[in-house]
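By letter and in written order, the chains are A, B and C; residue numbering begins at 1 in each of them.
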Amino acid sequence: MPSHYHNFTNSLPWLILFLEAVFIVFFYFSDYDEAMTSISYPDFQDVNHMVIFGFGFFLAFLKRYGFSSIGFNLLIIVLGVQCSVLIEELLLFLPDREIEDDMKRLTKATLSLTAVVISTGAVLGKINPVQLSVMTVVEMVAFRMSRWIHTTFLQVSDNISMMHVHLFGAYFGLAASSRFSEPLPGSEKNANTPKSDLLSMLGTVFLWVFWPSFNSVLAEDKSIVICNTYFALAVSTVTAFMLSALTTKDGKFKMTHIHSAVLAGGVAVGYAAPIIDYPWIAMILGLLASVIAILGSYCLPRCLNPVLKIHDTSGVHFTFGLPSMLGALAHIVLLVIQNWTDTPSLHLWVTIYIWAFFLTMDVALITGFITGIILNFKLFKTIPVSKYFEDQLYWEFPHLAVEF
Amino acid sequence: MPSHYHNFTNSLPWLILFLEAVFIVFFYFSDYDEAMTSISYPDFQDVNHMVIFGFGFFLAFLKRYGFSSIGFNLLIIVLGVQCSVLIEELLLFLPDREIEDDMKRLTKATLSLTAVVISTGAVLGKINPVQLSVMTVVEMVAFRMSRWIHTTFLQVSDNISMMHVHLFGAYFGLAASSRFSEPLPGSEKNANTPKSDLLSMLGTVFLWVFWPSFNSVLAEDKSIVICNTYFALAVSTVTAFMLSALTTKDGKFKMTHIHSAVLAGGVAVGYAAPIIDYPWIAMILGLLASVIAILGSYCLPRCLNPVLKIHDTSGVHFTFGLPSMLGALAHIVLLVIQNWTDTPSLHLWVTIYIWAFFLTMDVALITGFITGIILNFKLFKTIPVSKYFEDQLYWEFPHLAVEF
Amino acid sequence: MPSHYHNFTNSLPWLILFLEAVFIVFFYFSDYDEAMTSISYPDFQDVNHMVIFGFGFFLAFLKRYGFSSIGFNLLIIVLGVQCSVLIEELLLFLPDREIEDDMKRLTKATLSLTAVVISTGAVLGKINPVQLSVMTVVEMVAFRMSRWIHTTFLQVSDNISMMHVHLFGAYFGLAASSRFSEPLPGSEKNANTPKSDLLSMLGTVFLWVFWPSFNSVLAEDKSIVICNTYFALAVSTVTAFMLSALTTKDGKFKMTHIHSAVLAGGVAVGYAAPIIDYPWIAMILGLLASVIAILGSYCLPRCLNPVLKIHDTSGVHFTFGLPSMLGALAHIVLLVIQNWTDTPSLHLWVTIYIWAFFLTMDVALITGFITGIILNFKLFKTIPVSKYFEDQLYWEFPHLAVEF
């Protein structure tokens, strides 16, 4: 291996040691609050389990990249959560901030991390852990900034603001991935095998089961959010199977369709779930989300990505990006339908949500793009294209044979 | 591949689209109830997790059928839950029905789905997804009808009535499977490999851990049901290891024994769990259930199945059918022992439970048999025997090698 | 296979039948208490899930020993829990015992079982199920005795006393393993493969996610214990990645480091979690624990183990033993720092905790060593060294190829 790999691998430990030292020093000024907890431990646990276990295995679909998918997912989550809790601490110095208890802070930090995990999906296998750690910290700061504008200037509720996490994560990741070299055309390393697909299915099923927890954890009326999310997920699952069979040559199902489209309904319903009063609306939304995800999985890699020179390893654009856009749109449409008699207040809310949407998109795209540029500085020792999607670059194996 | 496969695969998307359209149209007349919820989200979540994740992997023991086991399990559950919730809505038009909140309705729907999942086990690998979707809808209607008679005419409590789900599922599946052709004798495709056994063990352990949640979710005194179920499961696990070593040639354990017998105690104790006051009774019941399951795994495939021309892929007869029968019997015996002084009331209850048992069996066998006949109409394009137990028939694979 | 294997396999069923019969007879004198439950079912469920599923897969890292790791783990847990509940029943005959409800008793039994599971790690692949069952019963009795002295004579709280479970398990296992023959030097059977590493990672991630539940289940102020455990785990994860890259030749990560060191923080923080008021203290503790675990993974197998003729299959010494020692020490140091003004009471508590620590160590080492001697009596048919780490000795396989 050329010597600059050694350099990169040698710089990682010092980078995360530095980060960890910074965290510990800052945490020195932090203590536990006695505030009444508004989020119970099981609620936190569901989200935590989902992000660490569910997303870890969800991303383990590359045949030679399973260790890295699961291992680095754990690493960036613990780095990101500490970073996110610290940012909250620092924000307390701003005027008029209400104090939150620790469990709520941890839960929000874990929810925010979803953005980083989704972004990782876009650059999976092409980014080294040094770049990944930097990206995690930058993205957490950028997402928190975007949310801070939401809640401070736009009066968007905390819950709705958090639901932009999929949108932010997907477009940040896509913008960043546009600065990474594309994999070699003939390479078969970024393929999946039946075994890795099954591992990934394990993660997907976990995410599916816990998605109602994710959408409801910050909501006020949990019960309605849970039911809406469940029905949206159910219909997107049915639609995913339907469209997968309709769009393949000989009417077979494609596992990658199932992976991405079964979750689309849960993503799309996130924004509007608290105000949907009838299950059929959530079901229609789930159906549309799944349609968008599967059509996107055909169109985007052929039409959009080559033009923009994007390579989106795990398809976060159609799995999380498009359904999230649809959800934001559906939220506004529902608001209009439900409140069309009350014009002035409606006008205000629609403006606010449109602003919140574009703000999130802009911050995600701009900071993502800049992060992509920075990460490709020589300093960070980018991986050469021939070494993409290889566990072997990062992990010591008992033997050399590693495909699974 | 002959052309009629194309036909079958082509008809699936339209069938599930049609079903989904029907569901959405009917759900149009449904809204969320404001009733106080009597089932908490974590209770529902346990059952949901168990049915989707646990049973999905539990059924993934065939070496070439992992994708289908897990994928189709998810598909039929989401179809079935929507169907079941709708049936409840329709039943509301009957007089004297109490309104249930949405979480309870979802939980009951998920519990009922266990019947379909168990039936699937009997015809696993021999049924195509079109047939599976039809079977799901028919079985949900039949099981709901049987439960409706239980609660309306026989005054059986909702909880006890729901515990007939294993009995119903097993015998419905067996009756249906009697109409499917048996696999070729020399075929090795319906075998398990160490890797697929391990996947299945993953599901089994999940089911084991969550079984107390399953039995207690509708019970009034949850604590006693949980403890009884735990002890019954514990003793059936010990018994499973013991009998497995005793019955194999050289005293080794057999993974398929462990898979089926560790859960037998949980199934058997379901009916009587609320009235068992001493742990040792639950333990004895767990022991007997495990004995029956393992003896059944030897006798049934050799004695009963060839006579009735049944091929029971995952052994639901001895895993769920026989232990469930034992449980129903034990329930009645315990009632007699506990109330033998109060003859008139005892007489009434014993009659009721015996009726409930035979009613469930009859409805399961008759509707299962009829469903089996219908499913083998030419319309549904049955799979030829040579294509049994093959993921490749339904899934597009990245490469052709698929054994795992 | 030589004939005495048959003997061993033939004696297993009778042994566990005997044990189970004893359990059922003793349970005959036990009934369910009506006491108010202080531990909720979800709390118990987390611990149960963690011990059965998490530890089962955590130990499945040997390439040819996956079935046994997961299967025997389930077997010893159900045996041990019954044994432990019985011991509690018997202890009720001692004066001044308060009655505990069943859920609490089951939870404590499951927590205690962690000791046995950890000990199993030290002798994994070298111990046959007969020996394992005997070890389970003996270790449960020994650990309960040690805890009884803690709570009766030393006034150690139940929660702190239970946190000695890792210490006890590790040193009991090490002492016992010193009496087993070491594996042949050239043997490759006790190696891990990428696939088995991934299975083990699945278990590790489960344990990681549920560790806060483990530490908090008996604690009074759960919230603070959960947060401290989370931060300790987070920092040990970062440290594990850092040190793994620093200590390998070419800066790569080693999966076995990650397996053992990510959990070290959770183990170490167990004792002191309820009295740590600032997250940074938990974080420092997590960092130190991870450092000790990784340094231990280098030093112990080279320096200490050859001298003491110990072979520690899954490295429980550095995964659980050393971090637990560190935790006990940190607990005492923190007590001193927090209460140095209140000298008399401080003196008392420090003495008590030091006594509790050495008592646990002594009981563990002595009973472990004696158990090791007893288990190697000819009666128990020890496995010959050439048959170590082989599923095939215990399990009937569909085919002969079993490496995964």
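One rule holds in what follows: a contact is a pair of C-beta atoms (placed from the backbone, for glycine too) under 8 Å apart; a residue touches a chain by one contact, two chains touch by 3 or more.
Each chain and its UniProt protein: A, B, C = Ammonium transporter AmtB-like domain-containing protein.
It should be emphasised that the depicted structure is a prediction, and the values quoted were computed from it without experimental measurement.
**Student:** Looking at subunit B with subunit C, do both copies bring the same residues to the contact (over half shared) or different ones?
**Tutor:** Under half of the interface numbering overlaps between copies: different.
**Student:** What's the rotation, in steps of 5°, that superposes subunit A's Cα atoms on subunit C?
**Tutor:** 120
**Student:** What whole-Å value do you get for the distance between subunit B and subunit C if each is reduced to the mean of its CA atoms?
**Tutor:** So the centroids are 35 Å from each other.
**Student:** Touching two or more other chains, which residues of subunit B qualify?
**Tutor:** 42
**Student:** Subunit B touches which residues of subunit A in the complex?
**Tutor:** 42, 46, 191-195, 197-198, 201-202, 205-206, 208-210, 212-213, 216, 222-224, 226-227, 230-231, 233-235, 237-239, 241-243, 245-246, 248, 250-255, 258, 262, 277-280, 283-284, 287
**Student:** In their shared complex, at which residues does subunit A touch subunit C?
**Tutor:** So the residues of subunit A touching subunit C come out as 1, 5-6, 9-10, 12-13, 16-17, 19-20, 23-24, 27-28, 30-32, 37, 41-42, 45, 48-49, 52-53, 56-57, 66-67, 70-71, 74-75, 78-79, 81-82, 101-103, 106, 129, 199, 391, 393-399, 401-402, 404.
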